[in-house]
Amino acid sequence: MVEIVPRLLKDQLLKLAEKNDRIDGREQYQRRNVDLEVNVLTNAEGSAKVVWDGTIVYAGVKFEIRTPWPDRPTEGSLMCGAELRPVANLKYEPGPPSAESIELGRVVDRGIRESGCINMEELCIVPGEKVWGVMLDIHVMSDKGNIFDACALAGIAALKTAIVPAERFDVGDDHPLPVSKLPIMASYRKVGGRFVYDPCEEEELGGDERVHITLGDDGHVHSLQKGLKGTFSTSEFAEIFANANEQANELREMVEEKVN
Amino acid sequence: MGGYGDVELIAKDGKRLDGRLADELRPITIEVGVLPAARGSCRMTWGLNIAEVAVYGPMEAHPRKIQRPDRAVLDVRYNMAPFSTSDRIRPGYNRRSREISKVTAEALESIVMVEMFPRSKIRVEIEILCAEAGTRCCGITAAAVALADAGIPMKDMLVSVAAGKINDVVVLDLDKAEDNYGQADLPVGIMPNTEEIAFLQMDGDLSPEEFDLAMEYNMKAAKEIHKLQINALKSKYDGGVE
Amino acid sequence: MVEIVPRLLKDQLLKLAEKNDRIDGREQYQRRNVDLEVNVLTNAEGSAKVVWDGTIVYAGVKFEIRTPWPDRPTEGSLMCGAELRPVANLKYEPGPPSAESIELGRVVDRGIRESGCINMEELCIVPGEKVWGVMLDIHVMSDKGNIFDACALAGIAALKTAIVPAERFDVGDDHPLPVSKLPIMASYRKVGGRFVYDPCEEEELGGDERVHITLGDDGHVHSLQKGLKGTFSTSEFAEIFANANEQANELREMVEEKVN
Amino acid sequence: MGGYGDVELIAKDGKRLDGRLADELRPITIEVGVLPAARGSCRMTWGLNIAEVAVYGPMEAHPRKIQRPDRAVLDVRYNMAPFSTSDRIRPGYNRRSREISKVTAEALESIVMVEMFPRSKIRVEIEILCAEAGTRCCGITAAAVALADAGIPMKDMLVSVAAGKINDVVVLDLDKAEDNYGQADLPVGIMPNTEEIAFLQMDGDLSPEEFDLAMEYNMKAAKEIHKLQINALKSKYDGGVE
Amino acid sequence: MGGYGDVELIAKDGKRLDGRLADELRPITIEVGVLPAARGSCRMTWGLNIAEVAVYGPMEAHPRKIQRPDRAVLDVRYNMAPFSTSDRIRPGYNRRSREISKVTAEALESIVMVEMFPRSKIRVEIEILCAEAGTRCCGITAAAVALADAGIPMKDMLVSVAAGKINDVVVLDLDKAEDNYGQADLPVGIMPNTEEIAFLQMDGDLSPEEFDLAMEYNMKAAKEIHKLQINALKSKYDGGVE
Amino acid sequence: MVEIVPRLLKDQLLKLAEKNDRIDGREQYQRRNVDLEVNVLTNAEGSAKVVWDGTIVYAGVKFEIRTPWPDRPTEGSLMCGAELRPVANLKYEPGPPSAESIELGRVVDRGIRESGCINMEELCIVPGEKVWGVMLDIHVMSDKGNIFDACALAGIAALKTAIVPAERFDVGDDHPLPVSKLPIMASYRKVGGRFVYDPCEEEELGGDERVHITLGDDGHVHSLQKGLKGTFSTSEFAEIFANANEQANELREMVEEKVN
């Protein structure tokens, strides 16, 4: 992907930052409008659609029965994939997954996996023989900024609404997938010299490094990722770390409301 | 086709399992401008199928070797989301999706005024989010609307629809069960004003008479679907429906 | 593949069409000379070579024993591959299969498969355990136009002469592969504004859309495919559909003669 | 992280299985100029880890589309040799190595004076010959030294090191066993002079207090490792150590 | 080599299983101009082997980076058809076919007057339709004829042939069974006029004396095969044989 | 890979050859300094590092338990891979293995395999069920000429020091991998019109064809390979064949010394 650094945009963002303003008029830590819908895909066992301003993401959950790994005979598995497909923006080109796409998928995966929200032991059907493999796929349909948070939100909401299709596989009754926690990601971008929350498309184009923080229900951190060229100080990080907790709590409430 | 003619798909009263008559379509909705990042877009539901299409361009065609000196090329991708079917699909293009992408591109090139944009490329991204038989028709029909939404000049609209054969009876618009046990499938792409054919595939078994009836059903259905296309475009641009 | 539309050639073809003439002097629905030879490859269990004027195609059949799909325990399988390899023409480049190559393979496959010429139940060895997998590979060696029809012809002839190598796999006596029908493809190209049968190389270069029709012994259609940019009316199609039946009958006779 | 908090990794006297204290590093050696074909190179052993890094360039960046008009790009590959782990690894890049290559490149671009070489490319090849937990930190730290050995101008050195959590205790520099049964891992890349952070990842479970302690351990360790980097470079160029 | 020296491949009368003497070739036929789409072509049968070769070019070499300013490059592909062997081969190039393609190209570049066509490319497509041991020799020998048929200027012809060892005896031109249980295989490419070697491979086990005898057999056989090459070319261009 | 033929370098090499001199002052058949170290990689079951002047190569051996091929139920297997990775020289680019890389791997593999140094029957654990798969990987870290010989040397030394990890796989006691022979490769390059042994980087850049000869303990040849454009006479070959024997004997002594 060609990186075109629009000098004029960078200057504009810098001037706005000096006045503590943003290109779309938001405050430094203000989120855009977010809408979450669940059970939107007939053929998925769990699904969610996130409309995060102009960013649109679908997530779907499928199940398979597999043989457990020999060293963990009583554990199922979770696979989480998120791909940057060319449908989502002019800038994404067809071809094998780019490094950007791989990073997105792995960061979203770690946030969900490391929170421990799914107890892998509960996915066991017959120890050593049959366990559930949970496959969460996240599909970005429109990228107008901050797809990381939108993907993470759609992903956990889809898992939270998923029904294990035990009847179809002839291994008991259908039942909800046990998801005990709601990890939430909050993403920050350095724009005009200071970090802002929930960057929009222009802020991503004219901004510098980004930081992704995934927090659990208890405020513990489960995943961090710094992306792109750029550096920051520990005090800068401490400030956004604190803000991330607030953002996560608000979004977690939204998920809880929608899935129940 | 599965070709299992012995599964009963039509009741004695002539109605199909979901209550439709032989020449009846599944319910269809069409919406435009649904993907903010795209220049033009369309969401179509057709029975349980869901397709969303984004159009980007015209833009310079690269790599160079795909450029045509006298016209634009359509770079079309038909893709099924991993969660769109009963069994998960591995991400990435397979032979089926590459063939569908090719014939879809050729059908759309037949209606887009490609001569207006030499050396350029128009990207059409068709994403199938839920698949229940008939996704290629759904994708082509939605793609034509998305191209119109993007303001790309076109000679005519394009409607794709399929008739088929189940229990030795020609019927319109096979659903999942009918497709699994059906005997033939005849998807076409029709220009509703000229009635010309821009897309045609078929597999299974049809006598010449059955073929004619299937084409008749398709022609009639194309007119119906065309109205829904027009309404969707109007409701965006005129703020209202026909 | 670069598409060079030779304007002069197009003009020439148009003028010829106005006089109902063709570049090689044939009539609209006249076929070039076709020669079919069977059992030409020692290591294939069935084989055929088609010399269709300057277009040359080999087809070979191999067998394997496989486990049937769980939902169809008594059915074997047919795999049919045709590849456009760089040997066949200057215009074919090495690399992964092009969209053109994939289309060729799938259209030839559908014509044979959908005719029902092979009863998959007859490929069962032990229900639920062992079935025959039939692998038909078609190799285009020289492309001077209309490889679709040449491939389809070589393919069905190779199947028709194939011997199931049961002895080598220790599952009974060798026996002919049961092939009950002879699906035949007829291909048309719009050249100078009207469809012609069996296009030659220049007609493909300067022509527009193409239509491929596969017909069974009883005149039923088993596969249709329209390729490339262009449109046609239902009456245009009706005319070539009727002609296709005549062409198929002639070629079917040739196959029957050669394989018996 | 494995997350098996019930495997005893810290003895009653506070010492870890290999005798280290909570904030103690494994033994480290650094050597420069070890690969004659490269413009700059570095070999680093860190515990049982072995990484060797080659730097080539700056050279013209091609294909053209990766060129940046205002700076050099770093083309970084992190690769584990097939024999570097207990089970053989298939040769070739996988998703993990591609992500590590990306974040490593971004960290190094933050310290290299990339503006001095517009339209060019600097190749950094990180080969892990033996892997025992912490290979990405080892690779980044060695790569920064190899860049310096190649004479590439840099704003500051870069040191990467990780703290983590085992048995609910924050410790520095997890080894293989600790990584397998650990509860968290926080690798960072620190510019030793400014204390700025150019690389940051983390997975597992850390309370805010645990996070602060882990960062404190990392900062202190970075200063120690930085001395070894300087010594290695000096011993080549001055013919002696500090 | 299989290396199973205990399978009896030579009878007491010194004859091999198919009745040949130690220094005897399998039957060979050569025909030129067999592929109408190609500029030059050749069909060769050698025992049960069948190879057909097409030559295209010289043409502009692209992508640019494969161009050589002072000569043509030979773009050679050796490919086994899926049905050419007892067990079906998956289509596409594997490591074996890529190595054979490389050494074949290098052998042919040694005889073609490549300096006459700077910056250009000559494509040589070798298709093995039936394989019964010795396909690389068959492909190289046929490719040299196809190049001549295409009118490409050459310094000399090229003949490839192999001798080997079975039951501790050096023999010429191993067939399938002999190859399976053989102890060595020495394929060479010989310029029949100068007796120079343009292609050489070998695997198995040969003492220096055995090596010399095998080379002697190869040299003698190359002269025989060269006559067949000449006859095939003459019968096309002169309308008759020598 | 772009091949830049440096005309000046070729001229210089030709002039040196006329005086029977080489660019680094060596004699025609003189080897550069070679150093061999074994057991250098903790996680490999056998390993070696070769420092051949500026050329540096690591080799590592790993084991797996696999099911034997049905037609050879009592034989294990050896897989030998050598890859030209971009770390080794500016001229190697990332991407799928080049033809050069494939040739290197296959020539090294044949030399070792065809010498019969490993008796595949000795790798059998349970006939028809379990055999050892030996996986030798060779990693070129720095290429300053003659990587073929360096790879072959590192490969056989790594095998010769390998310990079969039977305990870890629960199939008996650990024991040395039985390696009964020491095949050694000697490589020659035509430079300035005559063959030299052990070409350095400049000689490879400005030279012509190359010949690789692998010889066993008894002076038998196990593998030959001619590479690149160029031809040679039988008498030229006879001379280097004779020399190869001397080179192999010297290097074989070095291996024997180091591994015992």
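A few remarks follow.
We just call them A, B, C, D, E and F in the order they show up, numbering each chain from 1.
Here, a residue touches a chain if its C-beta (ideal position, glycine included) is under 8 Å from a C-beta of that chain, and two chains touch if they have at least 3 such contacts.
Note that the coordinates shown come from a computational prediction; the quantities given were computed from them, not determined experimentally.
Common partners of subunit B and subunit D, by the touch rule above, are A.
Compared with subunit A, the chain whose C-alpha mean position is the greatest distance off is E.
Of all the chains, the one whose CA centre sits at the greatest distance from that of subunit C is D. Over half of the residue-numbered contact pairs at A-D are shared with one candidate from C-E, E-F or A-B, namely E-F. Between the Cα centres of subunit D and subunit F there is a gap of 32 Å.
A separation of 52 Å divides the Cα centre of subunit B from that of subunit E. Contacts with at least two other chains are made by no residue of subunit A. Across the assembly, subunit E contributes no residue in contact with two or more other chains.
Under the stated contact rule, the graph of chain-to-chain touches is a ring, a single cycle where every chain has exactly two partners. Moving round the ring of chains, first from subunit A across to subunit B, one meets them in the order A, B, C, E, F, D. Listed in rising order, the residues of subunit B touching subunit C in the complex are 1, 3, 65, 68, 70, 95-96, 98-99, 101-103, 106, 109-110, 114, 186, 191, 194-208, 211, 215. The part of subunit F that touches subunit D in the complex is made up of residues 41-44, 47, 53-56, 58, 60-62, 64, 81, 83, 85-90, 94, 135, 137, 139, 141-144, 201.
Those residues of subunit B whose C-beta lies close enough to touch subunit A in the complex are 34-38, 48, 50, 52, 54, 56, 59, 77, 79, 81-88, 91, 123, 125, 127, 129-132. Residue ranges on subunit C touching subunit B, taken from their complex, read 2-3, 5, 97, 99-100, 102-103, 105-106, 110, 114-116, 209, 211, 216, 218-234, 237, 241.
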